[in-house]
């Protein structure tokens, strides 16, 4: 397994963790309505990160295409999360942008 | 494939659809905070229904155990959803209770 | 929900079912080695069909992109399966090609 | 998050990785037929580990039940894999047994 794939698996894992944590914490915020976009995108992003990570682990012939799509979804999720001051949103945004970058490098 | 398995696959599919629809519509309600429990359980329930359905389709040696767990999660989701008057919640509760019953029959 | 989305959910569901059935039956064939490509692609295809189906059910902002990728994976799986005479492979190829077509129509 | 949950997430992740690696490599072995049981259980085990890991990350009310089921599936996969001398099977068996133990501790 080359370094780009290795790094991308790690970035997907960290993003998956951050998105699931953010999903859980958004649902417990005082103003849940304001977090609706985050909640939706956290789930989208967790699902595609889980698929991307597993596609690399199992040497899928589609891993580059899956990672290219994962990069787009991570970016959208990061852009939503970064607008919110909550610590879990800021951490999630950071993990999303790192993952988007690792996925684009992998897909290239 | 016997009739119980066939019925259970169909019930899981309908429950999966109802939970994903309810998740989407809860996020668009005026009072999202009141729907936080639904949103959380809709995702839990969709995930286990998707796994249960696929485990039966691929003849998993664990399909009975997965369906037993699916029944518990469907029941919890149904109990939460039935407390809300929204049409999507009432429909989701109905699909969850039907799926719980089909899963228990399958697991027995 | 418009007709294309409705048809595509149905096509994904039928393809998911066919791929999981084919996966199970390929593993029980006399010559498993010959089926290795099918086994691998059946899993890839089932995973993306499950994601595509759920993305439409929950009104994901990425459903068109997910379906475009799903079409490519379905096509690859169909091309592999159609080379094998087993009934489960022929049925799977047919479901894959139908799903690829429905996904392309949805993504357009 | 307590230490048992943290350890269990890590064990699921390592098991997921080992199962997906083993799945890929089993499909490339000379004697694929002998690996059919591994291939089937690697997929089962990867699916439940992914669900268990995510259920802990998002603080699912069902995480203990999901981990109890995950322990059973990991054990079955480990018992199958340990019968094969391939390095990927031995590594997978080890990861499965560790994960089963961490899941039982978490579920207790």
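Every chain is named by a letter (A, B, C and D) in the order it is written, and numbering of its residues begins at 1.
Operating definition for what follows: contacts are C-beta pairs under 8 Å (C-beta built on N, C-alpha and C of every residue); 3 or more make two chains touch, one makes a residue touch a chain.
Quick caveat: nothing in here was measured; it's all calculated off a predicted structure.
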| item | value |
| --- | --- |
| Chain B and chain A - chains in contact with each | C, D |
| Cα-centroid distance, chain B relative to chain D, in whole angstrom | 25 |
| For chain A, residues that touch 2 or more chains besides their own | 23-24, 40, 43, 54, 58 |
| Graph class of chain-chain contacts, one of line, ring, star, complete, other | complete |
| Interfacial residue positions of chain B with respect to chain C in the complex | 9, 13, 16-17, 20-21, 23-24, 46, 50, 54, 57-59 |
| Contacting residues of chain C [partner chain D, same complex] | 23-24, 27-28, 31-33, 35-36, 39-40, 43 |
| In the complex, chain C residues that touch chain A | 40-41, 43-44, 47-48, 51, 54-55, 58, 60-62, 65-66, 69, 72-73, 76 |
